[in-house]
Amino acid sequence: MPTSVVLQIALIGLAKSGIIAMLAIGVVLIYRTTGVVNLAHWAIGLVGVVTYVLLTGETGVPPLLAAAAGVAVSVLAGALAQRVVFSRIGKGEAVTMILIALGVGAFFAAVAQMLLRGQRGEILVAPFLPGETIDLMGTVISASELITILIAVGSAAVLLPWLKRSRSGRALRAVAQNREAAQLAGIDSARYAELAWMIGSGLAGLALLLLIPHSAGAQGGVLSVVHLVPLGSLLLPAFGAALVGGLISLPAALAGSLIFGLVQELLILAPAPISDERDILAFVAITVLLLLRTERFFASNAELEALRS
Amino acid sequence: MNTKVMAVKPAKPAKPELPIPGRLPPANGTTILAAITLGLIAIGPLFLGDFASFVGARIAVTAIVGLSIVVVTGYTGQLSLMPYTFVGLGVFVAAHAITSWDWPFWFAAMLAAALSVPLSLLVGLVSVRLRGFYFAIATLTFASAMGATLFSWDFFTGGQKGLQVDRPVLGPIDLTSDRAFYLLTLVTVLALVWMVMGLRESRIGRAMTSVRENEIAAATMGVNVMKTKLVAFVVSGMIATVGGVFQGMLLQQVTRTPYQTPFVETLGVTLVILVVVGGMRSAWGPFIGAALIYVQLEVFRTALFLQYFIAAITAAAFIFVLLKLPGGVAGLIKHEAAQVRAAPLKNGIRVAIIILANVAVFYLIWELSQ
Amino acid sequence: MLRVEGVDVSYGPIQVLFDVSIEVGEGEIVALLGTNGAGKTTVLRAISGIVGLTSGRISFQDTDITGASPRQIVEAGLIQLPGGRGVFPGMSVRENLEVGGYVYGRDHARRRAAIKAVLEEFPALGDRLDQQAGTLSGGQQQMLSLAKSMVPEPKLLLIDELSLGLAPVIVEQLLGTLRRYVERGVSVVVVEQHVDLALSIAQRAYFMERGSIRFDGPAEELHGRDDLLRAVFLATATDG
């Protein structure tokens, strides 16, 4: 096996890891601050993608501007979901909470399809990432993959230090760890819950936008409406990655994303039965993570109690 | 003497909240009226033609599958995101057993239900110890895993082309017409509703509701929590699989796509939504929910935009029900019926106005969409 | 300086406070006592703006703070030390103190100065600035909780259960620090299960039962009211 092929596949895997990571960060952030396991995550990202598709397709808005607008719409959708729905549910009603998240997801998915005016056929999607490939010492890399990796690394590199060191980042963590004590320090917990939703939702929009080159081809091109919905199928690996950190630890979730994306692509090189059943291996991994109850490795009992009550 | 004794009214025994199977609820004016109305609605599609019968059958089949959610989520409080995996199992078992092997449909249904048991036991044994969200994600993971294995198996699903499911001929009764098939599904769903109602009143049913309300309290009262959850999951899987057999006969031509990517196809979500809107703690809930949604979808079939609009409104209604109306529409009907019984004139007029207003809005939208 | 007048509070359909009135003077230590579930914590939460009132009004230093946000109340100098473990367990001691100074906003210099001043009062914390709060002992966590509440320079401090689950030696230590703040003019409201402790530091006391105030007056006078205190003693005895 030539190393250039391995490298190429590794890069594809890294790009996938990046997209999974952006979704996983949102899942963790939202769960930690508000206790919501956000099964609506993909649909909130989808609304952003549809915004992009509509803006580039009909009004001829420059792709980069349309992508920014798409992210903004996702941010708005997330803030709306938190303010109108999730802020009204008491914690501790786990099943109701998941059901509501499913409902919010179904709502935004329906809105996304409504915005496309129920077109069932195929729609033309403009690319917003350059379609070129770069030859790097015999390894052919597509620019869109490289950019995806850079954006993912960039968002983690901005977000983690911001959470760690800035005043708002600390306040956000304070709300996550002890809501009432945070309020008593003068922190507006509702505002920070909304902020967590906005960051997570924006990242979801960005992640799904970065998926367009994978679904429709790097040159842009035909994307069937039916294919918009499976953009959400990455949510399960994203949950898997987040579970590596018990839905609590961001660094562990990032490590999990790296594993889920990279290993799954690299297993293509493995001998036949393994390479064919990569998806199954991922599902087995997620089940094992669930059974391990990974959250206890990352939070004390007191913290978990606070999260659930 | 006898009359004298009878004149002394004995204290009325407390009425059970739901009718116990095998015993009809005591008839009074309201129940008879309600029964007649429901009966007319139920046989209505037969007079409206084949298409209406098809829609009626689809409602009935969806209600069967929905009953599986009533058992596992409504009664036991565990959210399973894999009902459509069981439906798929039923669909393709029906295709093989009925069409290829020429089995009678009820025999195929029994085989499918039996085959669902090992699957639900496998999933159940791994995941019943998980709670809330963890259980939901575990079932979703299994659903995805089945999509990548069982439903990607060309022999089982007929590959891209899919498979054929024949509707049965029962001796002299030919069920290939939509009207006859509708009657069959109606009878089946009513029988299952009756059984699920009975389940709730049974010992294991009470164990289920106690697990839903408070696992720890249930355990201290001697309920075996794990076993109860497992039983609920297995029963629910059997119901969904039987629903799948009927789903196969309803569609007649079946393909694997809806079952391969369970979450993203949102079919499973739609099912959960209509059960919750109908009332997930009532055996009638799935029927009411399915009727509400499919009638709308069929009426506005020509306007695709409205289809998604209805989907959005339904999702919003679902969220509203979860936040404010835990009993769903079934609970609402029960509540209103009690109100009407208490003050027939005042509340009767109010309810009638609400129903008429709804019909009027519905008609208006329909007129506009034409 | 604090005046709570005729306050009613409900959680959903259940009313938990009935016509509660409390007054705290400048430099005063007031104890708020009562049985479990009497509504003491709810009174503090209402004062801090965490729960809304259904009727009544609250004023602080002659300013009406009824319906004010928790942040406005903290900015006014009315600080509450949360009950139970009031720290942020996943953060370092330093970060906890920083969050305590959240209301200083972008005025980093002022926050730093305030933290420095607090660390002089709590030298034990100075040695552990980078330790995770969750790994501190119970007493140290409560000390951090108290220190954190001192960063915004309170004029009135509301304390929910200072002594809960702590050894007497540690409680005495915390009280010593608290007294030094009182000498500098900080007023205090203490909610306590531990009646003797509360009455030994407070000048005046309120006694609550089932959401209403049953007694208010000098602390020594409450000491003599066995009829009221028996319930509390019984509860503490069964709690261990």
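As written, the chain order gives the labels A, B and C, with residue 1 at the start of each chain.
Quick note on the criterion: a residue touches a chain if its C-beta (ideal position, glycine included) is under 8 Å from a C-beta of that chain, and two chains touch if they have at least 3 such contacts.
What you are looking at is a predicted structure, and each value in this text was computed from that prediction instead of being measured.
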Between what two chains do the most C-beta pairs come into contact? A-B
Determine the chain that sits nearest the middle of the structure, using the mean of its CA atoms as its centre. A
Using Cα averages as centroids, what's the distance between subunit A and subunit C in whole Å? 41
When the C-alpha atoms of subunit A and subunit B are each averaged to a single point, how far apart are the two points in Å? 33
Mean-CA-position distance for subunit C and subunit B (Å): 53
Would you mind listing the residues of subunit A that make contact with two or more other chains? none
Residue ranges of subunit A touching subunit B (in the complex, touch as defined): 37, 42, 85, 88-89, 94-100, 102-107, 109-111, 113-114, 117-118, 120, 229-230, 232-233, 235-236, 239, 243, 277, 279-280, 283-284, 286-287, 290-291, 293
Interfacial residue positions of subunit B with respect to subunit A in the complex: 73, 77-79, 126-127, 129-134, 136-138, 140-142, 144-145, 148-149, 261, 263-266, 269-270, 272-273, 276, 304-305, 307-309, 311-312, 314-316, 318-319, 322-323
Quick one: which bits of subunit A touch subunit C in the complex? Just the residue numbers, please. 167, 170-171, 173-174, 177-178, 180-188, 299-300, 302-303
Subunit C contacts subunit A in the complex at 48, 50, 69-71, 73-75, 79-82, 85-91, 95, 98-100, 102-103, 105-106, 134, 145, 148-149, 152
